[in-house]
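Let me begin by presenting the structure, written as structure tokens, before commenting on it.
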């Protein structure tokens, strides 16, 4: 992928990422989120992670965003009325975020491998689904099973928490 | 050329944006979306590392991608559960605003 | 006889079968389910003594690169089982409150889920005890966290519970974010997620320290969140106070202990870099001071216990920094006993009065047995000899002195004195004050009374004869060996 | 035998809590304990060095912690003191209006803790048993105390808990400073290990032990908990605490700190002397200014600790013997003083010196008892206090004396001797105000101590006089033990 | 048998006291019988001790921590102690008998006799002690029994205060005494007199050390023998029953100081500087007490000051390095002063506890025996030849003449004063008209009281003759300048008597009032002020520091500060998730900075 595409998608991801947190309307935020994730999945593709890129779009655009939108609609949330901005919280939060980013910047700069460009891959490695699948069901079988239990628990939890009247 | 550092920096920026969202926004749903941003920025870093730390065979490090897969799954489950709690909260208190839920303190 | 993984499998199967019975036999008394769960867990606990441990090697791949069945792991699996059993007992006692505070058609609606979730949580805790790979740590930790999301917010008609649930949700998810990001960086630097291989990689001269440290710190943040270390303790008081009491007990024992096991395992790798020890000393001191001092003015017992839980995290951190796995283990065991004992009594008392300290006024006259049990719990938490709590503190301080951690020792001693004040505040209420009028004391069920008595005996017994736990703690030399 | 002595009170406390008749059980328990202690006392072979009647059970093998009991001359004296004061305290317990069972159980627990601490020859249990008394004291003062009982109970509990933990650190440090091979919690083996502790470590450890034990003994300036607590505590609790429990710290210093850490002790002698003079002179002066009997007694008990510290600071055979006997003597006399003070309070309803007067007329026996105890406390010959103080003064004066100059120990002895005058001033003043002069309003209607309470008085006085007339019966038993710690010359 | 006899003498009174306290407290008659019996038997036994020439008795180790310290309970049975033993038990026995009458109707009779027995025990102990510590033990016990006896009528405020004052003042003296003992022991390595004497060269090798030690030991004597400046307790001690004043504060106890100094004469005489101080203390005491005595109106106080004055003589004698002279005067003084006190007691008793001499008068006619014996006592006291006091006092004055002219002058002046105030007493009490109703109706005392008077008047009269005294004492050596001193002393006495008769004959009230002397030189007031200004102020300051700075400031301040810090810290928990996230972030940034970037 040419560098300019990387910058475009990166910019898209970040801009819509910002959109998530600056929009006052939750629906707009949710849509920004999805667009941001689309940019992200494009970056995944640029990293030869096709399976992850696809999963990203499927899960987030297909499931998570729908869920968010659904809940927002269900609760009938509108653009929140402008409340008094807590100046201390705002300044403090921004400062902390800035400081944190500065730290990340320094760490990234300190990492010697940062200046590394794409290393060549063995040709014909597009079937990453195959490799990931082998790992997932072979080496990573145990975590995978645990994720299964996790999903079961989440299911029970969602039922318990959102059913109007329990049996 | 695009370097690993560029990916990491972009990912870090996204993480920071998400973190800032958690700290600055007062709508719980938006806070939740910001948390998703943070998780996904980590995914970006992971995938970048996976691509740039090529295994001896010339393949990307798929272990990282498996981990990303787990993270996505967990994140999805978390969203489901989180939204359920938010719904329950809204039913009880008619609010999704963090400043309205500060009865427990000190 | 059989391998350690069978234990988790058994627990998950137990959970699923209880769930199925709950779903398909609607007329069953739900408390029977809890009893069945307890019996099942007890059987698994007995089974855990037949398990043969094996130690992980750095070269292992597949299953055994994620899962350790060393003595430490098996010990903490038993720990998780015991905790869960006791929490289930408390949950049975707590059932009336559940009934009042969720929407249900039938008398016992929701109880089934309430009893099943801890069993799955227990499985998560047991996996955490065995986790030696960051992926494994992540998924098992998330399993635990996920079930706690549900449990904390379970009594959802109670606005305070929901508030606690939301706070826990957001802050916990935040810490998950940092955990993931930290793991990412560690992976980025070392190319590994397995702990022992990371240790090997960190030992290589080519490995860059600053990014590795960055990753470690972020992992530490997430673990600090779990174990309630300052400055990541911020959620503790609110969530502990708002959550249903058995869940609070579970959080403060199970979740924290699992956090410490992971911390022990992770730090045995991280302590390759000296900066980690320095920052942990600072965190430990801050935790000790914050937990103990902020507890002083509390008037709500649950909240008090929350701050006390922070304080104890501080003492445990002393042991962690001083590289004494056995001290931490023993302290955790004593912490389990005394914390669960205090919560067990609290539940019984709160059923008829409330969970303010004032509701304990004159308990010695209303129920001498409960008052005595609570007193034992409190003095053990404070660290009076002949209780398990004292021996724990003794070992912790010994470890710190052995390592020459003067600052930690001084802070520890000063804060212990504060501890005496706020724990004895409860004793004062029970023994000095006159009971307030028109309080009728519910005696509590036979089961919970028996459990309380057993806990009292265990606390005093361990205080006088700590040998059994000591031996178990001593045998987990892996951590100590790895850190020396 | 020792097991029986230690656990009889504890078991009986449990029995009482379980519902056995409180007073009778407690009396039986303390009586039997005294009997057992006397048997041990007379069976004890004073010529043998080391611990006798040793019983040991392993508790934590890897740490070398044993539940081990044994007596040597020093602990023998302390055990006897504890048994005597316990019986007297239980006997002196008045009718308790609320929770009678808990009251007696608390008393017995304190006694059991003290007995255990003195009989233990394992460092860990030596410490642990002492702490057993902490909570019962808290309850005794908090529930059955008088005056500002809550504040007093809080203060003593927090203060002593802090002191105990400082002490704990000191003990662990002591343990850890010994070379690995010689490391032990066993009193019998400590000497070997401690001999190899370097001087700088000794200084640190000794300071910790001094402050830790010092807080428990109300060493100046860590003494402010004592008067208030004793003033508020019910009389039996004050008797046990001031009479027995407080001696734990001194016992510890004498048993552990000074013999094991000679270099540390030498280094901090100057500080200790200043502090103990604070106890004697400064606290003595404070005592003079007191206007209430209970406070005065509390301060006086603080003051007298100074003499024991002086004997310990001297760190020679004379001083050690004197300190040990003074612990015994002071325990008996202060217990009797608090007992009589309690009776006066219950009969007149006040302990303000200005409101009392002329009680000698209506309470002649109380006057006799108080007088005996007061004169014992100010070190009148015939009482054990005197014989002990003589040894302390001789022991202290002996240190580094020459014909040209007075050194610090000589100066300290002179000032401490002035303390004897001070204590005469305040004790006699109190006696004058309470028992002499015309009868005041509140004392006119008071009745004397009944016959049933006279036996414990006789017990305490007789024991004190016995040692006063024949200190040698202690010296001969302690001699061989103490000589191993403090060789003569 | 005879070697344990001293032990019987010592222990009999103790047993008597114990029996009274433990068993016969209720029955006053039995108590008094027990005590008197013990005293009389003790006297008989001590006579046998005196007669037998046995000088050894069994010895027990009281504290045996050899080689550091060995304190035996053992006796020294030389001539000095045996004489003193007879004196003490003899006078004591008489006073026991006398007390039977004087204390006939007293409620606290049992207590009185128990205390009396205790006193006898302690006093005998001092006399017999063969080492410093044992002497100190009995020294203190004497203080105790004196406290008990002075405070016998404890309901009376004055008596209670006097008892306390006596004890505390003695304690101050004992403070010095003990330091002295410690100093001597530290060099000699022993507390036994004989062994110390053997170590004298070592002790004397450092003269300043020795001087200080001796003076400190002398402190003990200052307290016990009521020398200036610790004399103030003795006049107040007259609040006790009169037999006590006679026994303790005239004949025996106050003499203990003198006895002790004689006992350790080998030390005292080794230090000339100390001797000088001792001489002047004695001299000052003698003249000061005599001056004060001239203006007192309480009969017992007059006698008390006279006692002080005579003790001054004795101490003066010791200071002049003559233990013999001191003991001689002690010996005679014991008899005549006991006689005087008992006579005064008889008067007081018969006048229903009237003690003011200006409320008496003309008693010579009605209390004949008493008057006669009192007269004998007075003559002995003022040193009228050939009464006992003449010989002993003359010996001291002669000694002073030889060694120290200034002291001699003062001693002479004191002799004059003595004669003057005793004459005044005699004239006012026994002559003239009865000034009050009670004085006019006084009657002679019962026989139990008069018989001791008569018995005492014999040695008071004869005690000075060498044929009598030499049986008991080593009399001071022959004096060279005998005639001149004799003449001067006699002249002073005669002048005193004459002035007394001239001034006080037929007076109704005090003819000349010197308020400085009447108020005892304001010394009591000065001491009261001094104590308040030093000890009182210090104790108030200490109390303030303790209460407000140490306790309220340091301890409670610390605890409140901790609590306050906790209250502030908990405010961090604001309840708002947003804020929590912010804190979380701050923590992360901080920890990263601390770890990665430092």
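Note that the chains take the letters A, B, C, D and E in the order they are written out, and that residue 1 is the start of every chain.
Convention: contacts are C-beta pairs under 8 Å (C-beta built on N, C-alpha and C of every residue); 3 or more make two chains touch, one makes a residue touch a chain.
The model shown is predicted, which means the values in this text are computed figures rather than measured ones.
Trainee: What is the minimum number of touch steps required to go from chain B to chain E?
Mentor: Minimal hop count between chain B and chain E: 1.
Trainee: Which number of steps is the smallest that gets you from chain B over to chain C via touching chains?
Mentor: 1
Trainee: Out of curiosity, which chains are bumping into both chain B and chain D?
Mentor: Shared contacts of chain B and chain D: C, E.
Trainee: Farthest from chain B in C-alpha centre terms, which chain would that be?
Mentor: E
Trainee: Can you name the chain whose C-alpha mean lies closest to the mean of all the C-alpha atoms?
Mentor: Chain nearest the overall C-alpha centroid, as shown: D.
Trainee: As a test of whether you follow the contact definition, which chain pair has the most C-beta contact pairs?
Mentor: More C-beta pairs are in contact between A-B than between any other chains.
Trainee: Could you work out which chain's C-alpha centre is the most distant one from the centre of chain D?
Mentor: If we average the C-alpha coordinates per chain, A ends up farthest from chain D.
Trainee: Taking each chain's centre as the mean position of its Cα atoms, how many Å separate chain A from chain B?
Mentor: Computed from C-alpha means, the inter-chain centre distance equals 5 Å.
Trainee: Could you tell me the distance, in whole angstrom, between the mean C-alpha positions of chain A and chain C?
Mentor: 31
Trainee: From the mean C-alpha coordinate of chain D to that of chain E, what's the distance rounded to whole Å?
Mentor: Computed from C-alpha means, the inter-chain centre distance equals 35 Å.
Trainee: Quick check: how many Å separate the C-alpha centres of chain C and chain E?
Mentor: The mean C-alpha positions of chain C and chain E differ by 76 Å.
Trainee: Could you check chain D for residues that touch two or more other chains and list them?
Mentor: 158
Trainee: When you check chain B against every other chain, which residues touch at least two of them?
Mentor: Where chain B meets two or more other chains at a single residue, that happens at 8, 15, 18-19, 22-26, 28, 31, 53, 63, 66, 70, 74, 77-78, 81, 85-86, 88, 98-99, 101-106.
Trainee: Specify, in ascending order, the residues of chain C that touch 2 or more different other chains.
Mentor: Answer for chain C, listing residues that touch two or more other chains: 135, 138-139, 142, 146, 149-150, 153, 156, 166-167, 170, 174, 185, 188, 210, 214, 237-238, 421.
Trainee: Would you mind giving me the full set of chain pairs in touch?
Mentor: A-B, A-C, A-E, B-C, B-E, C-D, C-E, D-E
Trainee: Where on chain A is chain C touching in the complex?
Mentor: Where chain A meets chain C, its residues are 103, 106-108, 110-113, 138-143, 146-147, 149-150, 152-154, 156-157, 159-161, 164-167.
Trainee: For the complex, give me every residue of chain C touching chain E.
Mentor: 166-167, 170-171, 174-175, 178, 210, 213-214, 216-218, 220-221, 230-232, 234-235, 237-238, 275-276, 278-279, 282-283, 289-290, 292-298, 307, 418, 421
Trainee: For chain A, which residues are in contact with chain E within the complex?
Mentor: Counting only chain A, the residues touching chain E are 86, 89, 92-93, 96-97, 99-100, 103, 106-107.
Trainee: Which part of chain B faces chain A closely enough to touch in the complex?
Mentor: 1-10, 12-21, 23-27, 29-30, 33-34, 36-37, 40, 43-44, 47-48, 50-54, 57-60, 62-63, 65-66, 68-70, 72-81, 83-88, 90, 96-97, 99
Trainee: Can you tell me which positions in chain B touch chain C when the two form their complex?
Mentor: So the residues of chain B in touch with chain C come to 8, 15, 18-19, 22, 28, 31-32, 35, 38-39, 41-42, 45-46, 49, 53, 61, 63-64, 66-67, 70-71, 74, 77-78, 81-82, 85-86, 88-89, 92-93, 98, 101-106.
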